[in-house]
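So, here's a batch of structures to check.
Two complexes follow with chain A in common, the first pairing it with chain B and the second with chain C.
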Partner chain A sequence: MSATAAITGLLDFRRLDLLATGNSALHRLDPRAHVTVTLVFVVCAMSFGRYTVAPLLPFFVFPIAVVAMAGLPVAFLARKVAIVLPIALLIGLPNPLFDRESLLSLGGIEITGGWISLLSIALRALLAAAAAIVLVAVTGFPAICGALERMGMPRPLAVQLLFLYRYLAVLGEEAVRMTAAREQRGGDRPLSIRLYGTLVGRLLLRTWDRAERIYLAMCARGFTGDFRSGRAARFGVPEVGYVAGWCLFFLLLRTSDVTHWLGAAVLGAVQ
Partner chain B sequence: MHMADALLSPAVGGTMCVATAATVAWCSRCLRKEADDRRVPLMGVLGAFLFAAQMINFSIPGTGSSGHLGGGLLLAILLGPHAAFLVMASVLIVQALFFADGGLLALGCNIFNLGFFPAFIGYPLYRHLAGDAPGSARATVAAMLAAIVSLQLGAFAVVLETVASGISALPFGTFLLFMLPIHLAIGIVEGAVTAAVVSFVRAASPGILSTTVQPRRHRAGILGVFLAVALALGGVGAWFASTNPDGLEWSIARVTGAPEPEAPQTGVIDDRVGSSLAGVVGGSITLVLALLLGYALKRKPRD
Partner chain C sequence: MSHHLVEARGLTHVYEDGTIALKEVTFRITHGESVAIIGANGAGKSTLLMHLNGHLTPTRGEVRIGETPITKQTLPAIRRTVGLVFQDPDDQLFMPTVYDDVAFGPRNQGLPEAEVGRRVYEALERVGVWQVRAKPPYRLSGGEKKRVAIAGVLAMVPDILVMDEPTSGLDPHARRQLIGLLGEFRHTRIFTSHDLDMVLDVCPRTIVLFEGTVMADGPTGDIFADDALLSKCRLERPLAMQGCPVCGRGPD
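What follows is the complex of A and B.
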């Protein structure tokens, strides 16, 4: 990754992170509600069979509705989600090659199972990415960590996640500075492994020193190995309603073929 | 080597999440027992370091392409296996959330494949081969072998998880023959890079590495168990791959009672595809409705 690409990545990270500071009704819900709904969403959407295409489409209602209700920037999030598409197509590409059995005939053109499952994989990838990105955008990373901890995640991992999150941008910038300095002196060809070892080893030593300084600074402020968050969490009526509503919706989509009914009704009305 | 949600069934993803959660709980308990406050910020910052190190690319000799560090083995050498596993888990969670890398359902698989094998199989192997005060050549060979073993096991786990999920149409044998050689190459590079970083650190600041040397406890025994498991897995895999490419699919279908994936009968096509004309029309309508709904619900920006 060149220095510019790395900077873009860091800026995107920051922008996504700042979205959670919004103040819509959804932003104000207890983070546990968002985490629960997202997990149920992912499990329901990913539990369809290999050849499912149409029943996946109504699941897009969830990310779209959350983005709209929380007033999040659509274009930015759509771009973040769309990044997964090339990878999804790549990992799905073997399907048309191996699965050549014809499953569907549309206007005389035979469509094999492989192409249908490729389409299914692409939709799944978009849904999964949208779920994750929207969760971060509406909840925020520290709140997600807090929610996971209250839902049973061990304390050391929660503390680790918060620390990692706080220093991600700091060390990212350090790496960008090192890369930029090298690019300005010696072109932008990738490093040899030996030089990489030196560069990254140097970064590691700086990291280690920084950890030592952080530790001493935190000791001076009364650090005992834990983070404390001052916020009180409340899982009240709005949260229960939010979780129950979405879960019922997902179960309905999962257990009945809504798209089929809707399509049949419309086709019937047209005829 | 990230698994993606799109290729994963909830049964496989859920199972791996449980396995990973159990390992996280066990590692957390081990770390709590050691109670070293100093390590808390160190672990956090090293997780961030791994991100930063992955932003820098190196050239892979003889190919013209470039790669980046995986880091599981390096973390285990610096921090010991339990802390390394938690750091790896935290890095993968951030990647899944902020960069949609892999996905939430696949987190269990990814943490296990990329964290468990380097920390609990690769690292003991490295310690065993490198000894306490290795010369640079010996440390390099040890790191390479440890990285190769970790990545081969990780790649094998990816193949198992993918095939067991039944979303991808890749046959078990083909997928395995594709994944293992690629990850042999990746393992050699990963080992070389890990050794390069470790040897720089050893030369520049030897104190860092000596802090992580732990007393040997049943190391040989654990190593033996892991090697036996690895060989058994490899042997079973090779047997499946060579004698009966579809054996695993078949046995999984038998075990789970799921219908076999291949059963071409024209009568059931509509059911299986779930996308007859009505389905396609209905799906498109719901998508349009969803977009309209989003438009209607969109909050007006405040003045």
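What follows is the complex of A and C.
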């Protein structure tokens, strides 16, 4: 795969934005409902101890259920989620080296705390990424910023967040153009550090210029920092039900060992 | 009071690095006029356009839209009155779908969603691309992008249309169609362009900029007949006014 194709795939924000224009029952919910559920999900899943593995697994029900109910493309989103895995592994990799205390033994092989905490970090990274990407796919980033603002985030911060996202896409597009231009002129040879620095600097300047033009175009069409998605903002019965249902489910998973019960129940039935 | 007037009085713009982009530019464009602003690269066309929409503040002089000077307080009203279409539609189209993009302006005006829907329909119908409303803008052809960008501005129902290089990057057929469309509008229209044949077709009046000053302002036909002026300003006659390159016959 060429570098151009790699960058195009990695920064395919446009498709993510497009998914949010769907019209399932979940898409029609007020964005605040999705944002609240995602926040509670992340807090519940992330607040487990460092050696927790099994109790994290049932949390995958949430992103999977949302993907199914909203009719989102599974493979596309899974690829996006998988991007975080190498980063999480990089962060967790020192753990097996430093934490050598044996915690359990599987068929004579001692498993140390380090390996278990590495697994726990990877699972949590996947959960957080899945929740975030599903949130964007079902809500759309501008609507998320609008929801955060209505929930009390200061407007300058919400606007910053919106532009960060918008310009990340612009950065991606400029990177694609520059990479294509480099490959075109014999880019098979590895990049020297110096050339790499020049390219990154140019990329920044080009992105800057283009971001400014986009901002001007937004201002020319009356943008003053307000978010208007066209969908009516109404936190009604469906939203309350959606938020309450998921929050209760997450609290249940957080406070009681559902995996253990399930395991015990299955074993009990077998015996 | 008419909103359709555009007036520059002694407009001077000096960039931070000391480059003088505009020097004492003065003109008055009245209701329903279609005016081209032409000039070589670096003549100050883009800087001038940025002033008409209040993106830049004059170093000296002023720009008035209708009877209103452009100031920070009048900016929202000015931007409702003056619709600016950018040269590169990719800079202007950023919403996930064509519909949402055209709705961006009306929604910013705080209109109810039913009215937004009506505006979007009318604008996209007007430029003939209602059928692509559900597509993402980046999947459109160059000509369609240009039309959607124009629709995005039309949906705000401006009195004055300002377009930077409307025909750049279009194939001959799309260009011809766009010229037809531009000719149909009844707004006050201001175009910058290097496409001098388009200028000849669409704009009865032309303002020539050279190194930041107005070198000429008059009927397009007269300006394109003045070879000395054109040559001094690094321009040339439109192809339609040049002799035939094959048989050597002069223009009709």
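Rule of thumb we're sticking to: the second predicted complex is superposed on the first by the 188 of 271 C-alpha atoms of A that agree within 3 Å, B and C clash if a C-alpha of one lies under 4 Å from a C-alpha of the other, contacts with A are read in each partner's own complex, and residues count from 1 in each chain.
By our rule, a residue touches a chain if its C-beta (ideal position, glycine included) is under 8 Å from a C-beta of that chain, and two chains touch if they have at least 3 such contacts.
This is a predicted model, so every value here is computed, not measured.
Contact with neither chain B nor chain C is seen for A:77 once the two complexes are overlaid on the shared chain.
Once chain A of one complex is fitted onto chain A of the other, the partner contacts of A:33 are absent, as it touches neither chain B nor chain C.
With both structures placed on the common chain, the touch criterion links A:147 to neither chain B nor chain C.
Judged by the touch definition given at the top, the superposed model places A:166 against both chain B and chain C.
Looking at the shared chain after the overlay, A:138 reaches neither chain B nor chain C.
When the two structures are aligned on the shared chain, A:220 is found in touch with chain C, with no touch to chain B.
Between chain B and chain C, B touches the greater number of residues of chain A. When the two structures are aligned on the shared chain, A:210 is found in touch with chain B and with chain C.
On chain A, the surface patch touched by chain B in one complex and by chain C in the other comprises residues 17, 166, 210, 214, 218-219, 223-224.
Residues 1, 6, 9, 13, 16-17, 24, 38-39, 42-43, 46-58, 60-61, 64-65, 67-71, 74, 80-81, 83-84, 87-88, 91-92, 94-95, 97-99, 101, 103-104, 113-114, 116-117, 120-122, 124-125, 128-129, 131-133, 135-136, 141, 144, 153-157, 159-168, 170-172, 174-176, 178-179, 189-205, 207-208, 210-212, 214-215, 218-219, 223-225, 257-264, 266-267 of chain A are the ones touching chain B in the complex. Taken together, the chain B residues at the contact with chain A in this complex read 4-10, 13-14, 24-25, 27-29, 31-32, 35, 37-38, 40-49, 51-53, 55-59, 61, 66, 68-69, 78, 86-87, 89-91, 93-94, 96-100, 103-106, 166-171, 174-175, 189, 192-193, 195-197, 199-201, 204-205, 208, 261-262, 264, 269, 272-287, 289-291, 293-299, 301. Of all residues in chain C, those touching chain A in their complex are 50, 53, 55, 76, 79-80, 83-84, 86, 88, 91-92, 94, 96-97, 100, 103-105, 107-110, 113, 116, 136, 138, 152-153, 156.
Against chain C, the residues of chain A that register as touching in their complex are 14, 17-18, 20-21, 140, 166, 210, 213-214, 216-224, 226, 228-230, 232.
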